[in-house]
Amino acid sequence: MIVVMKRGATPEQIEHMIQRVERLGLRAHPIYGAERTVIAAVGEKRDEFRQSLESGPGVAEVVPILAPYKVASREVCNEPTVVRTGSLTVGNSHIGVMAGPCSVEDEDQMIATARAVKAAGATALRGGAFKPRTSPYSFQGLKEDGLKLLALARAETGLAIVTEVVASEDLPIVSRYADVLQIGARNMQNYRLLEAVGAEGKPVLLKRGPSATLDELLLAAEYVLNAGNPNVMLCERGIRTFEAHTRYTLPLASVPWLHERTHLPVVVDPSHGTGHASLVAPMGAAAIAAGADGLIVEVHPDPESALSDGYQSLDLEQFEQMMILCRRVAEAVGRTIVAP
Amino acid sequence: MIVVMKRGATPEQIEHMIQRVERLGLRAHPIYGAERTVIAAVGEKRDEFRQSLESGPGVAEVVPILAPYKVASREVCNEPTVVRTGSLTVGNSHIGVMAGPCSVEDEDQMIATARAVKAAGATALRGGAFKPRTSPYSFQGLKEDGLKLLALARAETGLAIVTEVVASEDLPIVSRYADVLQIGARNMQNYRLLEAVGAEGKPVLLKRGPSATLDELLLAAEYVLNAGNPNVMLCERGIRTFEAHTRYTLPLASVPWLHERTHLPVVVDPSHGTGHASLVAPMGAAAIAAGADGLIVEVHPDPESALSDGYQSLDLEQFEQMMILCRRVAEAVGRTIVAP
Amino acid sequence: MIVVMKRGATPEQIEHMIQRVERLGLRAHPIYGAERTVIAAVGEKRDEFRQSLESGPGVAEVVPILAPYKVASREVCNEPTVVRTGSLTVGNSHIGVMAGPCSVEDEDQMIATARAVKAAGATALRGGAFKPRTSPYSFQGLKEDGLKLLALARAETGLAIVTEVVASEDLPIVSRYADVLQIGARNMQNYRLLEAVGAEGKPVLLKRGPSATLDELLLAAEYVLNAGNPNVMLCERGIRTFEAHTRYTLPLASVPWLHERTHLPVVVDPSHGTGHASLVAPMGAAAIAAGADGLIVEVHPDPESALSDGYQSLDLEQFEQMMILCRRVAEAVGRTIVAP
Amino acid sequence: MIVVMKRGATPEQIEHMIQRVERLGLRAHPIYGAERTVIAAVGEKRDEFRQSLESGPGVAEVVPILAPYKVASREVCNEPTVVRTGSLTVGNSHIGVMAGPCSVEDEDQMIATARAVKAAGATALRGGAFKPRTSPYSFQGLKEDGLKLLALARAETGLAIVTEVVASEDLPIVSRYADVLQIGARNMQNYRLLEAVGAEGKPVLLKRGPSATLDELLLAAEYVLNAGNPNVMLCERGIRTFEAHTRYTLPLASVPWLHERTHLPVVVDPSHGTGHASLVAPMGAAAIAAGADGLIVEVHPDPESALSDGYQSLDLEQFEQMMILCRRVAEAVGRTIVAP
């Protein structure tokens, strides 16, 4: 850390801060500039002490130098993590594609979708059984019945199942059926849930919260990793900005930025990231060009009759076209969408 | 709802959408404009069907007309809700001030703080025992020991206790000690937790998520209200924007905007809303001038040694000065900070 | 427009608004719903009257239906605009790549860069002679001497010249040398300048302001088009959001969104859009996958010694690698980077 | 500046950067930490060299220590600037209130408004004659005829005139009539215009751009100050965020933040800052409680018939009520609205 003193800081204040830094077990290197004094605190244990130093007398600000996450960092492990479960492989040069409806609705829908997305090249099936909904008056999901339909579709097609878990108390039932546990954007900082899926051990798809920084996303991953589960996929699904023409703003630069800093694979969700079916395929292709290790896409046999998210769901034919495009872009950038 | 058709929409598409609207049990009023056709859907049940209509053929967009929340709305109850528990009264012309440390640390800290904030005019004591922390390596709170110290401080001073509950499974223990259950910003859309505090019945302080719209905040309140608990205080604590000089951006216009739409009281948190001790008092005074029904403020006897949030905590003397300022502004706008 | 009345609006207020709508020359269609009345105003002249209706008695809000821009709209002209000047072709399936330094510095730099970017496949040369700088103490550009160096580089390589004009009074001198007039992000709403480049007639590269909506970008283009100049290229260069790890957030979904609504070509600037050299190539490739009609990229023979923007400039070798990648992605999505 | 090297930076890269720092005329203090090396560059000339260092080999980032502005800084002049012209005094404990219509429309409107706002306690008259409009199809202002009407209203009431100048070429005519030259938000970074009003010398009201950081606002002020004009008022008028319920988000914490860093007075615009007439008075009062040195408010005798911004304009009666509220809050915080 660098402790930056205010311009008028007194020698007593500077001395006080040097002593505080040293009492924290760090070495203090004061540097006396023309206008300001800064104190470099070396041997730092990341940002643990940053906050307490910031309220010191005469301190203007404290600038962190080290990233706050550890286990997720490339500095700790430079080998890319590859997550594998059943039909799904995500990471390194393998691209996984998870496709399916927002909500599990009924058997016909699930089986038809599972077969069609598999035929088009998807490598896993997504579908929501426990649904977190903005309004208490919206459809809340089929719960265990939904999980059973997902398992049925897996039996039918061999596709691995990706489904959301919204609360620690649901984890036993959800993990009985799921291959990948999805943590939704609203729960990215539900630390109790992160610890629980960390202890459970199944692969986790961790969605970025719409106002989370990438450091916060990596720290959320750190909760799972730290609980002993190394199989974490990060998922960029768009952030909240002033832009109103898309549902969220999908900042694809987070893909190469994350790849520089973490060994964890990065999946992109162009469905939530745009909120409009017509924008999903171009943004899916762009995500792959930017280096994404996977896509998660909402697909429904009849979007108009979907119980949720129809406006951003592709129909089966649109998804097939998207996969043709994505395979070509993947090949152009030297990657492959792994056949299940 | 208004279903806006694309410019080139065919008569068949328009007819299809009219029938879909009617099949939903709504009346369809098509209006044929010079350039576009719109279909007004009357008798609407809020935005429940909006999403499914949006994916209809030839549809450009669907514009909602009714607010998505009900019980929270002034249209349902125009009488301001007043939340009362022990020393705390919040709502209508009564301003409550909840003050105390970010984290409960030890008995001396709690008793000293409780006495001082009471003397300065606070009407409730805040303090965190279960702490949600961005990093798994940060101090996570004293848990039940912290709750006991809060209860001790209440016994000592008579101040009502405001403390956060972070998970449904902690609710029995937290509600044994707390007078007000705080739902933190990260949990604003933890629906399972909202339903649980709704069923519990104690007053709830619901903090706005940093990227939540005000409609989403009101829908989160609706989860609590809908579970049978009418004692909900909304809390504006700042949003994430491009501004980096403050920790969050505190948009005080949400106070009068909420007052126009909901009967629930609105509390402001100038500590998290700014992230700098020197900005807390002016923004607290501004919140009251804007019509806030309460403040929640971080106060610590020695901010420099606080285990969390020291940089935004007032010391006891600063809090006393702030209360003098706030009382004068409250009086200027015809309100009072209720003495406990 | 749809005039939405408040829940408690009186019959007199509704009647008043019907008459106001009709006095504006529009037809009023009132629709009386269960909870609210809305008045559809048909024959509307876009949002000209929206503001005045919004302050009417009993009005909750006024919802626009038509896009506010006209000439830029696909509804007016569905044929994609192709901008051609010298070596540069942008639009339809032709991708143009404009590359070069942020600032023109000296002859050696310009000639070396021009030759290298041409060899790598760039189809135009960019370089700033008049520089708008955030600080009055930063390098402000070589002005006419810079323009002369650009002309020299064009004579040497045949590459068309793209350079910024920052004020109407500079237009005569800049247009004497430039092939494409760039309007910088800070000037996107400098309407006097937009009218001036509209009257001048040379192709315009119009950069999106960092907080401009896409409607505002299209309305800025409308100023140029309306002044008689059809050769406008829109440029997405990133927006201001809470994300601090990149200089701006590059929302590539604006590419397909704009293509749905306007016939004007869309160029992407991955240099300003990310602010880090290592992120430029993946985001350039992603932009092409998303359908961009062009790229504008900062390239410098020695980024470390650049007088501006070195941290986001590619060196000559990096640019060559980027072009290899981009050509492959362009081919994958059925487009070509036109050889000059 | 602090040059932070990457974790794997080689001794050669570190040595290279030390030499680069010294070649810039700065002293280099390398500090070798457990995980990283940082180089403190002392004697720094603000951020002039920051960009070039950032592209050095092995550099992770460069952290600035000094604020980039100089003349605007409290570190250079700690005495609050007070701007005085005719009836208007802004700064220190004097609050100025500039009120009037968005656009000058006709003589009756201007005279009626000027008399009424003066009677209610306004200390200057605002009104737009040259209007920058988002759409080329909107009313563009009366231009010189509007300026003449403003002068007439000044003759009638003695109120100083605040009006916008949108282009350097209009400056001679605008400054012939105006007492205060307003630089609109869209022109905050129109540096040529800033230099021109800097040379002209009349007081300047500089509005913050909707995506400008406060450092950028202060650097824009620096352009004016640096051209020799010390009479600059900063104006917070709201920023673009994801919040859609207000036209902009008004972040009042910028008032005390700016007061800590600059001696220039800070004015708040609650009309543009909220975009809804009903939110203007509470946010005006809040601005004063937060320490604002002035307000600028849109007032129109008949907002419903205003040619622009009617939805956010107060009528004469509403403005009178607002002034009563603001005077009481000003008194509560120890300030006065100076009678003209």
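All chains are identified by letter, namely A, B, C and D, in their written order; residue positions are counted from 1 within each chain.
We take it that contacts are C-beta pairs under 8 Å (C-beta built on N, C-alpha and C of every residue); 3 or more make two chains touch, one makes a residue touch a chain.
Keep in mind that this is a model prediction, so the values were computed, not measured.
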Taking each chain's C-alpha mean as its centre, the one farthest from subunit A = D
Which chain pair shares more contacting C-beta pairs: B-D, or B-C?
-> B-D
How far is the middle of subunit A from the middle of subunit B, if each middle is the mean of its Cα atoms, in Å?
-> 26
Roughly how many whole angstrom separate the Cα centroids of subunit B and subunit D?
-> 31
Separation of subunit B from subunit C, taking each centre as the mean of its C-alpha atoms, in whole Å | 38
So which bits of subunit B are touching at least two other chains?
-> 211, 239-242, 244
Subunit B contacts subunit C in the complex at 2, 4, 7, 29, 31-36, 38, 40, 42-44, 63, 65-66, 75, 240-242, 244
Per the touch rule, the subunit B residues reaching subunit A in their complex are 20, 46-48, 51-52, 54-57, 68-70, 132-138, 166-169, 186-187, 189-192, 209-211, 216, 219, 222-223, 226, 239-240, 277, 303-311, 313
Contacting residues of subunit D [partner subunit B, same complex] | 211, 213-215, 239, 241-246, 249-257, 260, 273-274, 276, 278-279, 282-283, 285-291, 325, 328-329, 331-333
